[in-house]
Amino acid sequence: MYTEKVMEHFSNPRNMGEIENASGVGTVGNAKCGDIMRIYLDIDENGIIQDVKFKTFGCGAAVATSSMATELVKGKTVQEAVQITNKAVAEALGGLPPVKMHCSLLAEEAIHAALWDYAEKNGLKIEGLRKPKSDVHEEEEEIEY
Amino acid sequence: MYTEKVMEHFSNPRNMGEIENASGVGTVGNAKCGDIMRIYLDIDENGIIQDVKFKTFGCGAAVATSSMATELVKGKTVQEAVQITNKAVAEALGGLPPVKMHCSLLAEEAIHAALWDYAEKNGLKIEGLRKPKSDVHEEEEEIEY
Amino acid sequence: MEKKIYLDNAATTKTRSEVVEAMLPYFTEKFGNPSSIYEFASQNKKAVDESRSIIAKALGADSSEIYFTGGGTESDNWAIKATADAYSQKGNHIITSKIEHHAVLHTCEYLEKHGYEVTYLDVDENGIIKLDQLKKAIRPTTILITIMFANNEIGTIQPVKEIGKIAKEHNVLFHTDAVQAFGQVPVDVNDLGIDMLSASAHKLGGPKGIGLLYIRKGIKIRSFIHGGAQERQRRAGTENVPGIVGFGKAVEIALETMDARAQKEIELRDYLITRVLKEIPYTRVNGDRLRRLPNNANFSFQFIEGESLLIMLDMNHICASSGSACTSGSLDPSHVLLAIGLPHEIAHGSLRLTLSEENTKEEIDYTVDKIKEIVDKLRKMSPLYEDFIKRR
Amino acid sequence: MEKKIYLDNAATTKTRSEVVEAMLPYFTEKFGNPSSIYEFASQNKKAVDESRSIIAKALGADSSEIYFTGGGTESDNWAIKATADAYSQKGNHIITSKIEHHAVLHTCEYLEKHGYEVTYLDVDENGIIKLDQLKKAIRPTTILITIMFANNEIGTIQPVKEIGKIAKEHNVLFHTDAVQAFGQVPVDVNDLGIDMLSASAHKLGGPKGIGLLYIRKGIKIRSFIHGGAQERQRRAGTENVPGIVGFGKAVEIALETMDARAQKEIELRDYLITRVLKEIPYTRVNGDRLRRLPNNANFSFQFIEGESLLIMLDMNHICASSGSACTSGSLDPSHVLLAIGLPHEIAHGSLRLTLSEENTKEEIDYTVDKIKEIVDKLRKMSPLYEDFIKRR
């Protein structure tokens, strides 16, 4: 059901991990829907994304889009990163099954959320940047093990 | 679907044919239902059935029950012949499929019809004898070939 | 001749050996459930899709318009009941013909018990519906015309294209039961204006228990069998993968061989008909002589009854039918033969022989010889024949 | 290990080679239509009857109570819709459970759109319905209780006998979807008070596309698929002879081997469960630990998502499922796991492994090792796990 490229990114995700004291962190999605993406950005004084990491709870497409999204933003300026659309992510992966297109949207949102965090922390206004929609933790549930 | 005995009587029907100047002839059933049986009886002065023949238009069971019915009446007295039931015919054939039980009824009726004809011709009254229900020719239809 | 002569291909066909071969791996090797996510099962999904696309191409349809079912009967039930359900706002009137298969007729009768109205069109003496009557039968409340492509007993092929045109002009859906036609004669759903079409694999060299319903894109009929999301959420149930693969293979071969097969069958059939008519008196051929399935011959022999004839043919290893196989055991004569105007007694004396490409001239000669012998024997036994001779 | 490890026997089973062998002659040699009158076809009628009687015996039923269908889904649709139709004079209320297969649930939803009322019973944390709630749900208008015998996801076996008793006491028909149970655990329709029962061949070593509905003598439900007079006039359509023969053979073997098989599967399954629970933290087993199908194990691994797990297992040639196969591709977590009270995020992280007698301890060991590795890898990737660790 997935393209080779998706499978390749799923099997060997790029930039998986955390960044301590990141310039910006964004988490989107929620457990109810089965996907959560978190993106860490390390942005230098010139607004260039020096490093990026992700963590994702989700399906194969969610992992692959996260991985691809990090690849796409790495080395870009903040302004360039804002321009990255979900379509670009999906296309870079050779396409996604229709039921999985929302994963690429989530990846786009995760970038925005991390950039929003960076902008807020630094009192910046970045053109084209959207406020992330929701916070995952609101909807978390508990279960006994 | 048929017993061996039915098949045997169907393949080698006993007493198939006509009797000229028969003592009694009876025809029952109609073409609409797909079965017509005609029985010819040759009855001597003592009321003993010396010979019997049949002609049948109908399915395998119709032919077999006709054949068996003629076997059962042959050599019997008229009084004995009246007593022959459809069950006896069916049993003598080792049974009939449920949808084919009406054939044995038709055979019983054909005997009665032939005996009725004999009784009428001779001004006799035979105990237990029923008047045949209908005449086949009423319902015949015509078609162009 | 000890070998059996099979002349009942309208009842069912032998599954082609190539078809069985194509199916086999899907039982014990590639047995996965096509809905499963893993590679091992996705090859089955691919096989199902390939079959679907072979069949779609054969019908001039798009793959997304082909839905696999459990057989022709289910397809007919689905098309008719789901249309009735989905279009009940528009109306409650259905038009069909008197010579449909019971899969259509009994489904229509079921709907009549549930508030629907059904018009059963007459047919002419060859079994063809009257287009005038069809046009007149259409009401503002008509939601479906369901007329079979070719008849299973007498082989008559309907003027499908004209029916499709009339349906379209009146904005009424057109379903056709093509169970006997598909694989035997060319069928193009777009050229013919067909909105829904039923077919069954076992009538064209495929396995039993697998059929299809073609549903034109945009027609909003719902599921008939509800459950899992298979068949684009329109027909639930784990896909019968070997059956689907077999169906695809059978259609592929049927299409490739259609012309040569039809030519061979028509030749043999016409030879059969000619000999029978010439050599057996008081005999007629039922159904249209030209607009007819290549492999169908249907005779009525006056003065005799069909079942007796069949049993005697069987004793001579000839497999034949007196009407539709489903109703054997029933005492009513075929509704199709009555609809073309045969009197009951003649309808009772009919015989259907349906050929395959495997039949030979030698078999046909043997069969005609036997029919002649048996008809003669049964007439000698028949009180109707006796009366006829005496009246002359 | 290059060979595939198949742990998805609840999705479908491999067709046994003995079953395929039993079916084969009915494709190309004995291919006749069982409804035909001639000897050549009557052997097929006999084969169908033999299969029917094997299966009837396996259910403790009479042959005349077994009706072959195109699969478990059709059987469920038939039982529920035809009961609704036949008993609509008595009432319009149906009782089912929240954890039924979609073949039952979507059929009930369809009926709700057509004026019927449906009560969906809750289940406890192990997936067992509450008998008190069942009793209370029964109304004067209740015409059917349809509760599955064993659940396809979590393997929980319902208290069928108690349900049968309650149904009888209230004079309500009881249908059970035994698609997962039949052939795995003993089923006796009389002992258990079952009025109708659905089963499907491909879940017990038989072919796909063939199922059955048991209908207790005297129950006046009508046809769901109308047409020819097959199956004692209750299920029309040319009989799928090879499928029926295969179903019979599969049931025969399943019954013969049931005890030994169950014992072997239970042992392996419990070994699997024990290792997983011991070696992988933050893991739970779903479903009742005792009242459970012998071959079913269902886990939830906290902090990870099921599809990723499945794909990684697939990369290691392990075939598994995250829920019912029919809904894969859907984004909703399993309705069964939600019904037993799992939060969404946990429900998303579940894995179903369903064994067959062919699985080995070696395979299970390999599988557990891989699950451990993969769960670890996915947790390292999971923001939920990160938060959990940081919060500790």
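Each chain gets a letter, A, B, C and D, in the order it is written, and its residues are counted from 1.
In the analysis below, contacts are C-beta pairs under 8 Å (C-beta built on N, C-alpha and C of every residue); 3 or more make two chains touch, one makes a residue touch a chain.
These numbers come from a predicted model, not from an experiment.
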Per Cα centroids, the chain farthest from chain D: B
Separation of mean Cα positions, chain D and chain C [Å, integer]: 34
Mean-CA-position distance for chain C and chain A (Å): 57
Centroid spacing, where centroids are CA-atom means, of chain A and chain B in whole angstrom: 92
Multi-partner residues of chain A (each touching 2 or more other chains): 1
Contacts with 2+ other chains: residues of chain C: 37, 307, 311, 329-330
Overall pattern in which the protein chains touch one another (line/ring/star/complete/other): line
Contacting chain pairs - touch in the sense defined above: A-D, B-C, C-D
Chain A partner contacts - residues on chain D that touch it in the complex: 282-284, 302-305, 307-308, 311, 315, 329-331, 333, 342-346, 348, 380-387
Residues of chain D touching chain C in the complex: 4, 6, 8, 11-17, 19-20, 24, 27-28, 31-33, 35-41, 69-74, 76-77, 101-104, 106-107, 109-110, 200, 202, 207-210, 223-230, 236-243, 307, 310-311, 313-314, 319-322, 324-330
Sites on chain A touched by chain D in the complex: 1, 7, 10-11, 13, 16, 18, 27, 31-38, 55-60, 62-63, 97, 99, 102, 136-137, 140-143, 145
